[in-house]
Amino acid sequence: MATDTRGLTATEPAVRVRDLHRSFSESGGVLNGLDLDIAPGEFVALIGRSGTGKSTLLRALAGLDRDVAGHGEIEVPASVSVVFQDSRLLPWRRVLDNVVLGLRGAGAEERGRQALAEVGLEGRERSWPFQLSGGEQQRASLARSLVREPQLLLADEPFGALDALTRLRMHALLRKLCEAHRPAVLLVTHDVDEAIALSDRVIVLDAGVVRADVRVAGRSPVELRSFLLEELEIR
Amino acid sequence: MATDTRGLTATEPAVRVRDLHRSFSESGGVLNGLDLDIAPGEFVALIGRSGTGKSTLLRALAGLDRDVAGHGEIEVPASVSVVFQDSRLLPWRRVLDNVVLGLRGAGAEERGRQALAEVGLEGRERSWPFQLSGGEQQRASLARSLVREPQLLLADEPFGALDALTRLRMHALLRKLCEAHRPAVLLVTHDVDEAIALSDRVIVLDAGVVRADVRVAGRSPVELRSFLLEELEIR
Amino acid sequence: GDDAGAPLELTAALPDQVAGGTEIRIGDPAIQAIVQASGLDKELADAGVQVEWANISGGPQSIQAFRGDKLDCSAVADIPSLFAAWTGTSTKIVFQSVIVDPINHPIYQLGVAPGVNVSSLADLRGKKIAYSAGQAQGALVLRVLQKAGLSKDDVTLVELTSTGDSYVTALGSKAVDVAPIGAANVKIYKTKYPGGGAILTGIRDDASTLYCLTKSVQDADKAAALKVYVGVRAKALLWQNANPDGYAKAYLQDVQGLSAEDAKDVVAVDGRKGIPATWDNALKRLQETADLLAEQQDRDKLDVSTLVDRRFEPVETAAAGADVVTGDAA
Amino acid sequence: MTVTEARPRTVTADVRVVRRRLGPGRRIPYAFWIGPLLLLAVWSAGSATGLISPAILTAPWDVVVAFGEQWTDHDLLGNILSSLQRAALGLGFGVAAGGVLAVISGLSRFGESLIDGPIQIKRSVPTLALIPLFIAWFGIGQEMKIVTIALISLVPIYVHTHNGLRGIDGKYAELAETLDIGRGEFVRHVVLPGALPGFLLGMRFAVTSSLLGLVVVEQYNATAGIGHMITLAEQYGQTDVIVVGLVIYGIFGYCADSAVRLVGRRVLAWRRTLED
Amino acid sequence: MTVTEARPRTVTADVRVVRRRLGPGRRIPYAFWIGPLLLLAVWSAGSATGLISPAILTAPWDVVVAFGEQWTDHDLLGNILSSLQRAALGLGFGVAAGGVLAVISGLSRFGESLIDGPIQIKRSVPTLALIPLFIAWFGIGQEMKIVTIALISLVPIYVHTHNGLRGIDGKYAELAETLDIGRGEFVRHVVLPGALPGFLLGMRFAVTSSLLGLVVVEQYNATAGIGHMITLAEQYGQTDVIVVGLVIYGIFGYCADSAVRLVGRRVLAWRRTLED
């Protein structure tokens, strides 16, 4: 059973997915009875081959797949924040306005500025999205999610367009944030090292189900890495 | 001088860039007098921090920056193919039509199908671009470029959204192609290992000029790796 | 018609006293200009009649306004009151005037396209004639054919609505051979299209009326005010006869936007207005028109005596006094 | 390091995350008819209660009677057919010309400077006032009518296609440039499909414009046609016949519009917008 | 492993890769005027050589004379002003109503089913034929005129805004849903800016429609206005005055259209399209 393999305590999970099916065509499902629990404050990395359904899973958790066929049970916290695979900045809002979109309360703008500064986009507040480089767009989109302090953060390859150094900085930033607010995190990444470095638990998605589910703590990164790569390559 | 560091023979370079300046604002340039030669058939990897001007350089080489301020000299071969950082599939053409766009001659479609199969998108010929996952879009875009057999291939992070395994397959595919047609290649990547694994030469872009320019052949990958990471992190 | 006065039978005598604040809504732009230029507006004011002028004239527009009850009376020729009746809007003619020499001062002449040879009505045989079934011009064409002894089949009737100068354009471009055009436009037509000509119809087309919503003449207050207005209108026409230049300036130039020269030309072709001593002849002609249209256009027979309110006849003639016209002119 | 395997389940519960929908949501089938039917209901109720006087707007049942009369006694079908023929011919020429002009002017600044101004000016000038010119040039026959309708429907096609074309994301032009495709292929594969949403919107306006143009042109030397029928009825003040004309216009316009939108949904299947 | 350093150079040669431009290219300054000026030139030449007979189209110089006459003797300015006032008022109401209706019907399938049909039907029906209704409801005064113009200009605003809204990329609505913003904020930050290109196109049509509407409404009980002037001039066959009216229409329409497009370029600075 899933619970004992993860060795979780008995607290209510923040995310609870049972028997999740999703398919875009008659011929075959993308998710085929997936089960998943994420504890509050837990950081889970999701890896899997391109086209296995990682984004499909995230969209289901975010409640964005009303029109997709399938069934299953999903429970998520009320406040969810999503970093989309494309950076999805509103092209008609300047960068800062994109970041603070929907933020309420005084100081929203100040918090937005600070988040931008943290992702290295100080001084670009007034730029249009099309004026940013690929990596800059991705960071702006990250800032938009981080400034919100959600209970569940769903991040779909948020560092894909970043160079090694910037990526490390963003890791640190994300870690800091997680320590402060302890959201549950589900992070999709293609970088196994990144998954190991950041997360409490790594999940391998394949053929629409969780193929492997391993806790990081107490295991050697090298061993973990080769295990995960193997799991990835099996098919 | 650039030429002797690269130890090239005296053949005419395929790409020749001299004193290239490009800037988007009064305050500072993105490219500040960049020089670059790429020999015919040479595979050059370009790395650099997010926002340093890698895409700007590629766009200059592709002749897509008519309206950007700056000067300098650029020579490139007649037939250039670009893999954009965004996958840039025409949303109104099905995947196969996107791949064969502008291909002439009989068998164009057959070649397109084959290219799609090679990037692992067999059976997705009739899909709309929005029906592809992020990585699938990127592969379709790669297929579009590879099917063309250009003299110069400019690829802007073509593997950013791919998992480790798919990425290795794409590496193999690209290498095969390069051996067959010997285009000059300028490949932007954030993955230093990828740069080392694929290229003849790695270039580090920083502050708008070529900060480092190293040949891969005959050097230890580990040493090269730590040198490049150091170069990247200096600022 | 918001605060309606007491109802008044159509047979009851017209009240003399105008209740204070009675307002009548009149579409009669030429008379409006004359009334203001001649000082007759004082007479209206003294009698306690308030006129809300509307710049509306002609059949379709006035019928539309009647139906919405946004207008009491409007100045038109003879056709609109027939069509109003045929389409279920009850109106009464309260004023009739004529042209003293109608044959030589017709409202319409028959314009002839350049290069077409038509010098008498008999030449119309086989020609393409512009025809607009619902308009006065259409009725005129039917009457011309009747007079020439031709049937509809002897000519080609080209269905063409007369809007603006569409008939002049149609003639000029030789799209039709013959078209009724306003006498005032004949000179413009001839200068614009050299070779174009025009002949007289020899038919009286001088009917000119003021027709009102029946509902308005059934309103005692309005009927009293209209009684005053009809008197003033008669005087206004006589003033127009006496002051052609004043009319040209006040109406044609200032209201209609013609140049002084053009205004003069228009006045020159205009005939003297006449107030008939009796409406009998006018009604006879109206009945003939009604019969002709009923026959040619498949409509119900109409007794035109139901379309007039002859209580206003003596009011009109009394105002004109000795200046009434009699005999053929009427 | 245990591997969790998928287990077959019998539950088919579907508990999804319910997120407030901000877009319009799914299309309601047949909702399409609610508006027009409501309009009909209000009209009927107004007429039945006397709130709408028959002099102003004929009651629906009287319109049905008038419709029948026009059909049997006045060749309504003939009127409709000859109107439709005119409208279709004019529309055809107008759409072709408008599309071609829009592409020329959309893709060349020089072409634009020549074509765009005159079309904008034509657009600002009342057609009715231009008719004398057309009569002088084309006579008062069918030719003039078709030319006029073609010019009327050219305008929305031109403006919308031009606008749609110019609104295509610049990155697709860049892509095309790097593919070394010719101008013809560029137009076929990038410009036309990219401008298609604009063109279709223009088409919606062109169709109704061409029908409306009938009212104007059929005042001239027409012996049949809906516009002719309305003009005559206006002169006679035959409200019921006018309303018959209006209803026919309404039905045709609504159906044509819905047809264009339906086609639009088909050919724009590649889009994921708030519409879907 | 040698590091190449950037060296200062004195050359400022600018040899770029020349790639065939497939889009329209850069805007040509003032090209804007070429079309209208060419039109004027053709007109002048035609009139001077006698190819265009003055009976069909008055020569430009005669129009200038007529313009002067109208200005000094017939209060042309007053005509223009009272027309503009009517048009502006009607346009204002029409734009406001059209925009609000478009947002309601764009964001709610239910609203759409109520609103959309009647507007499409209204759009298919000739305004001229509706005037009797408006007269009955609003009288023959200024009110009727403004309501009519408002309804005329409501249509393009509604249709275009609705179309623009529905054409917004669905992924932005998804984004908004994950940000937990309210409907008001969604409209303000996503819907309105996203529909803005559509709205602006609608605005171009609304402006000219409101001006054209003048010709219709000013036939009714108007004592001033450009439409009134044209109607009168038609009655008396004053071709030159008609052309004065048309020229004024052309100028106003062209300027208004250009103004809207200019505004469009400003407020759509966030777009990179073939236009740029």
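For clarity, chains are labelled A, B, C, D and E in written order, and residue numbers in each chain start from 1.
Here is the rule we use: contacts are C-beta pairs under 8 Å (C-beta built on N, C-alpha and C of every residue); 3 or more make two chains touch, one makes a residue touch a chain.
Every value quoted in this text rests on a predicted model; they were computed, and no experiment measured them.
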Partner chains that chain B and chain C have in common: D, E
Centroid spacing, where centroids are CA-atom means, of chain A and chain C in whole angstrom: 83
Length of the line joining the C-alpha centres of chain A and chain B, rounded to whole Å: 28
Separation of mean Cα positions, chain D and chain A [Å, integer]: 46
Intercentroid distance (Cα basis), chain D paired with chain C, Å: 42
Two or more partner chains touched - positions in chain B: 62-64, 80, 86
Where chain C touches two or more other chains, by residue: 64, 67-68, 163-165, 172
Chain D, residues touching no fewer than two other chains: 19, 21, 26, 53, 56, 128, 132, 136, 171, 176-178, 181, 190, 234, 239, 271-272
Chain pairs in mutual contact under the definition given at the outset: A-B, A-D, A-E, B-D, B-E, C-D, C-E, D-E
Complex interface listing, chain B residues touching chain D: 62-64, 79-82, 84, 86, 88, 90-93, 97, 101-102, 128-130, 144, 148
For the chain D and chain B complex, residues of the former touching the latter: 171-172, 174-181, 185, 189-190, 193-194, 196, 269-272
In the complex with chain B, residue positions of chain A that touch it: 24, 47-51, 55, 85-86, 120, 131-136, 139, 156-157, 160-167, 190-192, 229, 232-233
Residues on chain C engaged by chain E in the complex (per definition of touch): 27, 54-56, 61, 64-65, 67-71, 163-165, 168, 172, 184-185, 188-189, 192-193, 253, 255-259, 262, 266
Contact footprint of chain D on chain C as seen in their complex: 59-60, 63-64, 67-68, 83-84, 86-89, 132-135, 158-161, 163-166, 169-170, 172-173, 175-176
